[in-house]
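As structure tokens, here come the structures.
You will see two complexes here that share subunit A, one where it goes with subunit B and one where it goes with subunit C.
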Partner chain A sequence: MLLRTLSLGAMLALAPALLAQTPEERGLAIAVEGDARDQGYVDSTANMKMILRNRAGKESVRNVRIKSLEVEGDGDKSLSIFDEPADVKGTTSLTWSHSDKPDEQWLYLPALKRVKRISSKNKSGPFMGSEFAFEDIGSQEVDKYTYKYLRDEEINSVPTFVVERYPTDKNSGYKKQVVWIEQDRYLALKIEFYDRKDSLLKTLEASDFTQYLDKFWRAAKLEMTNHQSGKSTTLEFSGYQFQTGLKSSDFSKNALKKQK
Partner chain B sequence: MQKSFFFTAVPAFAIAATLASTSASALDWRGNVSSELTWFPAYSTGAKNWKLNTSIAADVELTQDLADNIRLTVHPFVRWDQQDDERTRAGVRELLLSTTGETWEFNAGLGAVFWGVTESRNPVDIINQTDSVEDFTGEEKLGQLMLNLKWFTDSYGEFEAYLLPKFEERTFIGENGRPYPGITVNPDLTTYESSEGSDHIGYALRWTNSFDAWDIGLHYFDGTSRNPSLIPVVTDNSAVLAPRYPLLKQVGIDAQGLYGDLAIKTETIHQSGDEIESHVETVTGVEYTLVGFLSPVQENEKIPGSWCTSETRNPFKKLACNDRMDLGLVLEYLWDQRGNDSNQPFQNDLLAGFRFAFNDAASSDALFGIVQDLDQGATTISFEASTRLFESYRLKILGQKFLNTKDDTVLNAFEKESFLQVDFSYFF
Partner chain C sequence: MLERYAHWIVRFRWLALLISLLVVGALASGGRFLSLTNDYEVFFGESNPQLAAFKNLQDIYTKNDNALIMLEPKDGVVFSTETLQAITELTDAAWSTPYSTRVDSLSNFQYTYAEEDDLTVEDLIEDPASLSEEELSKIQDTAMAQPLLVNRLLSPAADVTGVNISFELPTENADKVPFEIMDYLDAVLADIESKYPNIETTRTGVVPMNKAFAESSMRDIKTLIPTAFAIILLGFMLLTRSFWGTVGALAVMLMSIAAAMGTAGWMGIVLTPPSANAPTLILTLAVADCVHYLVTFFQQLRSGKDKFSSIRESIRVNFNPIFLTSVTTAIGFLSMNFSDSPPFHDLGTITAIGVFYAFLLSIFFLPALTAVLPIKAPAVRSREKAGFMEKLANFSINYRKVLFPVVGLLIVGLIAMIPRNELNDEFVKYFDDSIEFRQDTDQIGEKLTGMYFVDYSLDSQIESGINTPEYLNQLEAFEQWLEEQPEVLHVNSVSETFRRLNKNMHGDDEAYYKLPEDKELAAQYLLLYEMSLPYGLDLNNQINIDKSATRLTATLRNLSTKDTLAFENRAQEWMTNNTPDLESAGSSPTIMFSHISKRNINSMLTGTVIALVLISLILLVSLRSVKYGLLSLIPNLVPAGMAFGIWAIFNGQVGLSVSVVIAMTLGIVVDDTIHFLSKYLRAKREQGLGTEAAIRYAFTTVGEALLITTIILTAGFMILAQSSFSLNADMGLMTAITICLALFIDFLFLPALLIWLDKGKQDDLTDGAVVPAT
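What follows is the complex of A and B.
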């Protein structure tokens, strides 16, 4: 079972772990393994409910449908279709993420029938006014960070690797992130985000993991707390489907106008 | 006027109602009901002796998948206006059947198409007629009857062909409407260069492609001008304007280059015809986004960290400490080779715009724009701000101020037409 889920690349990455390894090499190896275990999902669709909470506990809700397509040798393509709030209903964003060059991003505004290409440089900006930045939501490619293994640690008696990672993109809003990765399944259970001044900005906690197609683990709940503003955002995912037969043409600029 | 509009609206509402009642499964909708209150600080010239107007409107865009890859879109709307009879009407903006394949798409019916990249004005956007009675800025469009084929290729971009069998006249505010342009346009006096009138068949071809940072579109259009010449005539002892629609051929390019936070944009067209002077029009400019432009306030070492606490109730402090706010700076130059003989007011103008995105839970935004006429000295200042209330409502405040209009051939009539508008809309 374990062997079946390990790809060749992952085994190559793990092999040096048996030898002496620098913390940087070990951190990278953990990231590569985590990435390898999620390869081959082909495509997926899900519903995302976003609950924004301000300091006083006042809530505001967004509903977004997400479609993703795995692209071999490059970053994933994804579509986000907004259903709520009603004033942005039908607004759709298309992202082609890349590992070697800046992501490409378009926004479709249904009231104007207008497709706008938008800058993907704005990584640190808030997604839909939430505590999630664009870079927290986007596809997590191994090349987007450099790594350093810190230590082993238990969270609620679950053994984890604690790895520090540093964004390679100078437009990132973070100096560093500290990630707690479950040793058994290579899932990120907790991430601490440090701002450019290196002070703790946010904490993300993932829970309610479900396995799909005997392989792919997805969290049903992500909780982001901003320690500086006192605001928080919960993402609840439901209706995950994999290998639904989505094609590259479903992620084209023209398809952006045709979502519903 | 607007008879064709009204008669298409009735079946459109009927189809919409049928869609809504029969098959709820694949039906999708997007709509709003809006109420607006407009205040003009000054009385207008002539008979328009009112300062305050109210209006309510509703529109809904329904889409229904009839089969795999076959979709029907129906978009009826209705408006009641207290002062302007031309604004009180019902119509349909879209009634379109679409079929899609992997590399092609075919649309038939009343459709809405947008071409363009710039912010102030879109000279390349020629398929749909402007619904100027609905919206002073000309952003609202009427539906256009069309047969449209699109073909997508991986390496050579996207090709589009349009056959436009029926022409829609531009809408104009009535004699009680404001902002009043100094003289009323009477659509009953409409004439055409083409002997077939509004039945003259137009066509258009378009190609678009992306090259790294650049998105480029080229088009050719042959048909009736969307923008009429307005000819003064005297009827029953009063002067009115009679719209005349010439035939024209238009070629044009629209392009946007995106370099990080900087976007470079242009829309340039060339028009020619028997009744219009051959000329070039362009809107060319840049947009630069300052992401989180107030974050230096928080990152400044000289300002104590405690100054920007999240508990503060001081609204100025709150604003200054909002490191999530983006500021977009827009600068566009608008030019028309015909100069003051142009049938549109932006012959040699400069737009400076400031767009604030608050990136808050209510998706608040604000836009300030100044258009300066470099020949005739007129200045138009516009302001627009909106925020979400109670999850499904949006409150919008907008204003327009006309200054130094005395020597301007087009805008001199607008001296007393500055206004402030509040719009409260429910979305569903």
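What follows is the complex of A and C.
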């Protein structure tokens, strides 16, 4: 009886807050909070190991180094330098994410010694043959989606917010994504990707989070499973470094050729 | 023992009826688990190597399940604003098809070109409404120059075009999936056609075919089974002239079928076009049991006995013969379990079960039913038919010196024709012209592209090996060789993508329309290209994950099995001589179906031999003579041999189903032999008649019954021959021919053979090993 009164009281106390916010507003608020908590990392570098698996369980490995630069008031910039397989060693991609217009992207091909621009529309294709699309790996700007808060839920007894988000870019490969965001640290633990016909296509699970500089949380492992093709890809991150002194000029088209 | 059983049935007739209904009801309730399959893969056993190879290939790349929609503008112009609008609209709608993973069309073809120093990758057609005449013709020129489009999604005359949808079909609720997909597409296409009256659409592919399998089964169930019931009941009524007798037979047939199909449900059998026809077979085969029981019963009634003693006598007289013929028939059908193709296991098993139930029902349920029905002996028949039989006997005996060599030569001549049969399993032709899938597929085959293809997974065996010049050169050599083959309509290979990219990366210079000569260059082109591809149009369907192998698809014209195998053998030989590093077997449904008849014949050989040995042993025991047991092999085997000879003359195409006919008919035609020889031997042994007199006795006692059962069986199988599914139709026709020939041999050849064998002997009871009666 006491318990019931208490919970009723708690509900009454919360009610005005709940009423004041539509599910859309609440979803957006969660996204904004998550984004805010990652502000100020300045720059970072890391090694990414990509393990591709086909339906029969056969594996293939790729190695990429990643450098990111925080940009005030716009999307982040990033460089991906391919180390393996050997025949694409030295190939480097540069991405400028934007919050208000399509991302820009270039690729440097060492065999041709040329920089090539990549069509801005085609960011939903697979990244290096993996189950990750460019748009899954790229910087997750708040403005790239609209949001809708669904419910609270526990994953492995960790309380999360479940938020649906809808890509604003018409060239996105997805109709929607459902994101499980840890309430405590505002980290996306799990994302379900629904294809254009609104069928579940892939599930991403993030784990092994480590905190850097007492603030920034990064997952050491991302596991993407494609439910339709039976294929999967694991990303393993290591050697995270923050505030290494990277400059904006390191993320220019001209700098692409100089990457090693 | 039998006497006591017969008494029990009559005394506890109501209990017997109740037990029958309860047991049949319980068995039949399994029918709720029955479903119709619609997956062509069911024709292949788990261990089928061609299926395993194809599944393996699909595991490495992507699944091949597809639906191909052909758009045909009535004015014959694909590159018009209206048609391009229709293509774009259909392409967009197709992405929302349930379970679809990819859509390929003229509009979303990823056109690549150099723009200053950049590689541009974009849809070939965007916003068609805004295109000028000049732009339309430029797009047409571009499209017609794409080897990946022409003969695949675009006809060489640019008068029809295709939209191909690829699927990952779920395994749950698999029987509903093709309907769900096709319902969606039908609605989309109806919408397109009403919006663009100039456009006509047709569709083919694996998904429409899978739906056609289910539809074909449904159609057989809805049309053939009721027809079979109607014709056989009418025949039964005419022949027995007994209303209540026909009601009894109908009850036995219905209950046998219900119980057998229900048992199939309990066993978890999923119906396929062949096994969906088990009811027709059970119905046809159950008739004979009822005929035997009722004929004796009426004879007894007419001879003045009361109903109950007539029933008892009929049980006594018929129990063993019905049991024996049911066992041999069941053995014949069970031997179909040796087939390489699971649907025929099911057809054989369900029919054998049905035959067994029919036996039980006709000696348990039918006597009890006749005991409670107001059944009377029908009016005595005229003696005409018996007179006819006597005439026939005299004919066979008197003209034996002519019949023996003439029929003998006919037999040898027809059997000599057997090798002229050609194995052919063109799965599209399994469906006859009345099925929409067949019409559409033929039309698309004529105007756009073929339904048959062969996939090759060409493996370099090393990671990233596909980027090496050595690999690419061999791939291109094979691609070019294939393109020169008359059987090949289209080749889809990544070598074309590499050539195109090399050109694009050199400012669209035609001189560079060739393979990159450097491994790093090839790898980096590919990486750039892959990164430039939009959602769903990636290369995962052509390149494996570690880039060690690629899939090359050769689309073929409509080819017979023989030509397909000849093509594949030539391809293998060419690879051994020219591209030994990439040698790999072709794999596809076409290849699977091309091997299935041969595999099936080989596997059925074992089944047929086992059935033959078992059935011959049963004959030996029942005839109590090794000599006549061995002699019976001639009337048992020769009819099927002759039927294959006739088939060679009039058809000449032997498919999957015809290869199970020998074993299946063996169990049926053996019944004629049992009846004829046992009467012949009884006359010799019990009445001490001479050979000719014994033959006359056999003719007059069982001749009519044999004629009637042959007519009924032929009618039943001829109904099956009307199926729109050629595997069923061919099996029905072939079986009907075999059954008629069996009677022909029994009536016109066997007497001459017996006279020749037993020449001068009045009594042969002393020769051979006599097996005591059991």
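In the analysis below, the second predicted complex is superposed on the first by the 241 of 260 C-alpha atoms of A that agree within 3 Å, B and C clash if a C-alpha of one lies under 4 Å from a C-alpha of the other, contacts with A are read in each partner's own complex, and residues count from 1 in each chain.
Here, contacts are C-beta pairs under 8 Å (C-beta built on N, C-alpha and C of every residue); 3 or more make two chains touch, one makes a residue touch a chain.
Being a predicted model, the structure only gives us computed values, none of them experimental.
> Should A:K258 be classified as contacting the first partner (subunit B), the second (subunit C), both, or neither?
It touches subunit B, and subunit C stays clear.
> On the A-aligned overlay, A:S93 touches which partner chain: subunit B = first, subunit C = second, or both, or neither?
The answer is second: A:S93 touches subunit C but not subunit B.
> Just subunit B (first), just subunit C (second), both, or neither: which does A:P85 touch?
After superposing on A, A:P85 lies in contact with both subunit B and subunit C.
> Determine, under the contact definition given at the top, whether A:F134 touches first (subunit B), second (subunit C), both, or neither.
In the superposition, A:F134 touches subunit C alone.
> Go through the superposed model and pick first if A:K247 touches only subunit B, second if only subunit C, both, or neither.
In the superposition, A:K247 touches subunit B alone.
> Go through the superposed model and pick first if A:A56 touches only subunit B, second if only subunit C, both, or neither.
Second partner only, subunit C.
> After lining up the shared chain so the two structures overlap, which partner does A:R117 touch, if you call subunit B first and subunit C second: first, second, both or neither?
Both partners.
> Taking the superposition on A as described, I'd like to know which of subunit B and subunit C A:G125 touches: first, second, both or neither.
both
> Could you look at A:Y145 and tell me whether it touches subunit B, subunit C, both or neither (first, second, both, neither)?
Touch partners of A:Y145: none, neither subunit B nor subunit C.
> List the residues of subunit A that touch subunit B in one complex and subunit C in the other.
The answer is residues 52, 54-55, 60, 85-88, 110, 112, 114, 117, 119, 121-122, 124-126, 128-129, 196-197, 228-230 of subunit A.
> Applying the document's contact rule, which stretches of subunit B touch subunit A when the two form their complex?
28, 30, 32, 61, 63, 65, 71, 98, 100, 102-103, 105, 112-114, 116, 139, 150, 152, 158, 210, 215, 256, 258, 260-261, 263, 289, 291-292, 299, 310-311, 324, 326, 359-363, 388, 391-394, 425, 427-428
> Within the complex, which stretch of subunit A touches subunit C?
Residues in contact with subunit C: 52-56, 58-60, 82, 85-88, 91, 93, 105, 107, 109-112, 114, 116-119, 121-122, 124-129, 133-134, 171-173, 196-197, 199, 228-231.
> Contact residues on subunit C for subunit A in the complex?
Touching subunit A from subunit C are residues 56, 59-60, 62, 95-101, 117-122, 168, 463-464, 467, 505, 518-525, 527-528, 530-540, 543-547.
> In their shared complex, at which residues does subunit A touch subunit B?
Residues in contact with subunit B: 52, 54-55, 60-61, 84-90, 102, 110, 112-114, 117, 119, 121-122, 124-126, 128-130, 196-197, 228-230, 247, 249, 252-254, 258, 260.
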